[in-house]
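Order of writing sets the chain letters: A, B, C and D. Residues in each chain are counted from 1.
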Amino acid sequence: MPKKNMVAMILAGGQGSRLGVLTNNVAKPAVPFGSRYRIIDFPLSNCSNSGIDTVGVLTQYQPLDLNTYVGTGHPWDLDRNNGGAFILPPYQKIEGMDWYKNTANAIYQNINFIDNFMPNYVLILSGDHIYKMNYDLMLKQHIEEKADATIAVLEVPWDEAPRFGIMNTDESGRNIIEFEEKPAEPKSNLASMGIYIFTWSVLRKELLADEENPDSSHDFGKDIIPSMLSQDMKLSAYHFSGYWKDVGTIRSLWDANMDILDKQDEINFRDSAWRIYSRNPVKPAHYISSEATVKNSCMTDGCVVYGEAEHTVLSHSCVIEEGAIVKDSVLMPGVKVRKGAIVDKAIIGMNTIIGEGCKIGGKPDPQNPYYNKKLCSDEIVVLDRGLIIKDNAVIPGNCMVEHRPDLTEGNVVEDVVQVW
Amino acid sequence: MPKKNMVAMILAGGQGSRLGVLTNNVAKPAVPFGSRYRIIDFPLSNCSNSGIDTVGVLTQYQPLDLNTYVGTGHPWDLDRNNGGAFILPPYQKIEGMDWYKNTANAIYQNINFIDNFMPNYVLILSGDHIYKMNYDLMLKQHIEEKADATIAVLEVPWDEAPRFGIMNTDESGRNIIEFEEKPAEPKSNLASMGIYIFTWSVLRKELLADEENPDSSHDFGKDIIPSMLSQDMKLSAYHFSGYWKDVGTIRSLWDANMDILDKQDEINFRDSAWRIYSRNPVKPAHYISSEATVKNSCMTDGCVVYGEAEHTVLSHSCVIEEGAIVKDSVLMPGVKVRKGAIVDKAIIGMNTIIGEGCKIGGKPDPQNPYYNKKLCSDEIVVLDRGLIIKDNAVIPGNCMVEHRPDLTEGNVVEDVVQVW
Amino acid sequence: MYNKVIGLILADDLAINLGELSYSRGIGAMPFGGRYRLIDFALSNFVNTGMLTIGVSTFLKYRSLMDHLGTGAAWDLDRMNQGLHILPPNYGLEAHSGESYDLTGLWDFYRDFSHPYIIISTCHCVFNMTYEDFIETHINSGADMTVLYNEDGYRCGSPITFFDIDENNRITGVYYNPEKPKSNNTSVGTLIMHRELFVDLLSNMMSRGIQDASFLTFLRMFKTYDIRGYKFEGEALRINSIQSYFNETMRVLSDPVRSQIFYGEYPIYTKVKDEAPTYYNDSCVVDNSMISDGCVIQGTVQDSMLFRGVTVSGQSTVNNSILFQDTFVSEGCQLENVIVDKNSVIRPGTKLIGNPNYPIVIGKGVIV
Amino acid sequence: MYNKVIGLILADDLAINLGELSYSRGIGAMPFGGRYRLIDFALSNFVNTGMLTIGVSTFLKYRSLMDHLGTGAAWDLDRMNQGLHILPPNYGLEAHSGESYDLTGLWDFYRDFSHPYIIISTCHCVFNMTYEDFIETHINSGADMTVLYNEDGYRCGSPITFFDIDENNRITGVYYNPEKPKSNNTSVGTLIMHRELFVDLLSNMMSRGIQDASFLTFLRMFKTYDIRGYKFEGEALRINSIQSYFNETMRVLSDPVRSQIFYGEYPIYTKVKDEAPTYYNDSCVVDNSMISDGCVIQGTVQDSMLFRGVTVSGQSTVNNSILFQDTFVSEGCQLENVIVDKNSVIRPGTKLIGNPNYPIVIGKGVIV
């Protein structure tokens, strides 16, 4: 294998439990997003556009969809003879076997993989952020600053800072002197974006030491970065100022989808200099009938609209039948909304069918068997993939619906269909 | 995903411990074989030639080489849009996580994968056999016989039968009535080749039942087949008569390599109607100098021979320097034999360098620190990959050499080099 | 079918003139239906029948076709032994002008396969079907060739081929652009015969110095060979002039034609390109239109077909029109009965109103 | 280099005549060195320099070249935006004969990229180098063009181009096949210039009705433009006749030429084919030969180059010869100073003895 200057490792993560039923059967990075994409399209496209051609995707949770989706990386131009996209599951070694215990441990278990490319630098990414970033510029700063690690940071509103990992810098704003995880009283509003460049020789040593440390939780933010700070290593802050969103919760996933309608100029999928690539099936151009109304919405191939779509994101092959109204919602691929149904502020999983006359959304009802305050907020309804919802069913806001054969009263699911 | 008539599942297995150092860093199916191939080329090429275009490769031990080697399956024409080659590691599900416990359990954990293709039949293969077989003919018999399972069997010499899983049939020779694992007094000499076709609906039920059975070891031979027999299901024997070799031991791996020199007509790599495909790097044509002698040997691109090769299999990029003699040996890719060294009956791992004047092989010496009677027999020497053997080192027969920093006296390894 | 029937697509046709639209492309590479090229339909019908070895014969401006087809991966035809083969004319041979299919090249390619049958398909008929029953019928009939036809004759413009068919489905007459057609039976541009017969026919033509062969050449052999007709019952769109290109596009917008062509049991494959999703703003109005990915719709679009990346700005109206890839319609325009080739820009306030029987054609990359 | 320098390979050359060997292929598709085609060397030099956008201009019998290059995956050039582009002549244009590089097509292709430099390479010189220093030197010199040369002039046959070079490395004279060359400096068929200059030169030629351009066309501009020479110090094999093809193959068998060409710092890429390993039996004798995969050696092979799948049966001797893919040498043959094109069969007991200065050439698929 030829030497690479920088190798990227995407932490595609374990179960994204805060997305509830949406990650029952798929890893979070494989969740559909923004009409034509999946979440992992963003880091993969960023890598490709930044000239990084060797990308490891670390995954151990429900990897089938993700594996199939990433494949050899062809859609992102990552099917290279020397390098390319690699799916890296945990595996048995001669010394035994181990699941990935945490972010740093996952990289630790793949030291051999990285060593094969003899890189100078390693880029660590998350698989659940929506943003466009040129990692090559970040690397330039890393080299210029002769840093041991460079961490991408974003200015967040001061009142939101306590929700993030905060980087405190010296007066230059470039040198990180302290890291605080979700500080109650933040000293800075520079949030870590979970994007790291490490000089590989430095990180390699840190990972070996961290693995030996019985008190470590083997996390980049909680263990590796503080350890490097304590050794007075040079940690540089790379300031990023574009659109960035963590889509780890139902609310933030809904927000980010709506942003592609409301903040088009910020996300800008039409920038031919920084395209977001994706793998999509061949479907006919979408069709909008004479009776249909489409406002402030986006859709892609294979959709057919006879009803009304307003402020809604439709993925491929969605159908809205006559008289149906879909508002403020996200339809994942293949969703069908039957005649006269009303869908208001919902995220609907792949291939789910909403029966005729259904009423989805609206004022929450804590008595509803599907009511789920823990994961759903702001009246957002979430439906699992592959459900057939009974005609005229009513599902109020803040419900999360999955197939529950135990329910007799209030069960709105007629049947389930196979999805791939 | 479109429906497939038959899906193949290759059990690429756990650690092939009987191959010792040869599988320290790679899964057994990824071990180089026969100059241009890796073991897994045989089941993959058989699938491709039999018209099977959907193949799952189940692996949990050191999968990196294997993953990289199989990739999307392009060399075997298995990079299909609907179907193709899939690497299937164990993974976390919402109910928890589990390593593959045994052959049947590995298939059990991938029931969803198989269901996606809605196959009528499933073909179960091992990743460690050298043979050429048309699975389509086997399927035809399975369908004609209306069998629940069809098992490929091979007539072995009666005195070897106690080493195999033996299928006892009725007088027609086609219906299996009993299975005996390594019987001391075999009633038949029909050995199971570890190749099964199951009607998927039948196997699916059996796997679910087997998983519930706390006494089961979740093995096809030990549990699934006996269970099906006990239920009076129809198990058909498919008689195979070509070349077939299990390469699970050092001795059998050496034998099979020598067979490609001595039994060329039986293995026949030149049959254009049944090609064995492989993934190979681009190297120049090999070169044989004026001083060289090459007898009853085979080699491939990138080799350079100044010395002597007799009854030897050279993989790509091997070098035999002036005055060196290599006999009855298997050189894996990139092996270099320096000036004046003598190599007699050895299997040498990738990129290992034999120093000048070394003497490898010959009469065993049980006092030698590398002497390994458990795995090595018949005076075969095995060297790990990536070793640099000291000049003039002597390594007698039945030794297995790996990097052992603990050895002071008798240590023949000067250094190790990175291999990929 | 994969080892039983081999395919041949005739990607060009000098008889079909699409004016400005065919300046830079042959008929096979002609965009159609928002995101396809005409060849996609012929190719997908083959692939959906399970045929894996397909030759594409070309002679006209085939670079855009080569770019489109690539290795055939989009059709799952990037195979080791089988797969897609582009057969450009062999200009090295002095005998060949490059103005027609290269018979030597075809003969060379097809003689070495072992498939017993060959289906030859042109590109100018758009339909969605699989050929199992067609093949079966041909084999059972014992005929030398079988040709696909339907009864759309009277509604189609020229160039067009009519047949007389007797009660045994045998072709008894072939008429090319007849003034007064005697029947309504017209070819759908697809026929099947023994591969060996095809190779023999080519060899025979070459030996007589004939360098020019078209689909019609084979049909005209009806006196020597037993050629049967097989009636195709579905919708077929015949593209043989700008007017028919326009009419058939309008017809495919509405059901049942739209569903039959695009949403049949099997998909029509084409090369997928990366585009953003199409965005509809608050004030847009869209009626009975097919719209591809990457568009931005701020104005009014009615009864129209929009290809990838088209922008229709505010206060603009697009009616009964076909806009190719990356057309930019500025603000305050009015387009009616217009076909705009790709990369063109319609300047603010432009009014272009054609007649449905004489649509206006705007060339590639033009600024109007 | 990937966004700094774009590549152009001129895959054909009407001036080079390899007789029977070039009957079915242009110079770029000519097999060389056991498993390569000549174009592999030009292409690999580009790829090893890190260039990712490469056009291959062709006009002669390019089907075998297209088959060989495919999507460019073997060279890792199957890229989305960059990658390998085959540029066959645009026969749709009346102006173009198909007998030379299509200037309109080249102009059309190269004007839209943003790479500041272009390297133009022919295919008939075999060498293994990367162009970093060549590019650097060109940029620093401020010259309009820089051309690669070495001092092999006196030992090379024609067609050949000689230069006069002054003390500033500037080209002051260009001579094509001169009777009495005044210097030993000869072109290695590779030059660099600004991409914009290249596009301007093409545009200028086209406007003057010139449809024909070759590598030499640019060198001959040395009076108008500042053209410098860059001396290549390594081994370069010049293939411009059957004799030189034979001689250079013999030369590449031995070190140091073999190591420099095939075992340089970077590999020469080519399309990999599936073959069995080569088998040597008990009685074979092999001396100073390069042998590819899939061969069976039972006889004697000396000072020879064997391509893939060659069989040399027992009691046969092959000396100083080049056997192309799948040559079958039966028992008891004697071959000396022979070039056998692919798929040929040498019948038992055949004796073919050429002269090292006039090797015998056996055509493709012949049974002797």
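In the analysis below, a residue touches a chain if its C-beta (ideal position, glycine included) is under 8 Å from a C-beta of that chain, and two chains touch if they have at least 3 such contacts.
Keep in mind the model is a prediction, meaning the values are calculated, not measured.
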Which chain lies the greatest distance away from chain C when centres are computed from Cα atoms alone? B
Could you let me know which interface, A-C or B-C, is made of more C-beta pairs in contact? A-C
Gap in Å, rounded to a whole number, between the CA centres of chain C and chain A: 41
Just give me the whole-number Å value for how far the CA centre of chain A lies from that of chain D. 49
Touching two or more other chains in chain C are residues none
Check each residue of chain A and list the ones that touch at least two other chains. 79, 277
If you look only at chain C, which of its residues touch chain A in the complex? 33-35, 74, 253, 258, 262-263, 267-270, 272, 274-282, 284, 286-294, 296, 305-307
Within the complex, which stretch of chain C touches chain D? 24, 59-63, 66, 70-71, 86-88, 90-92, 98, 105
Please name which positions on chain A make contact with chain B in the complex. 1, 14-15, 24-25, 59-64, 67-68, 71-72, 79, 86-94, 97, 99, 112-113, 115-116, 418, 420
Taking the touch rule as given, give the residues of chain D at its contact with chain A in the complex, in rising order. 2, 73, 76, 78-81
Inside the complex, what are the residues of chain A that reach chain D? 51, 77, 79-82, 277
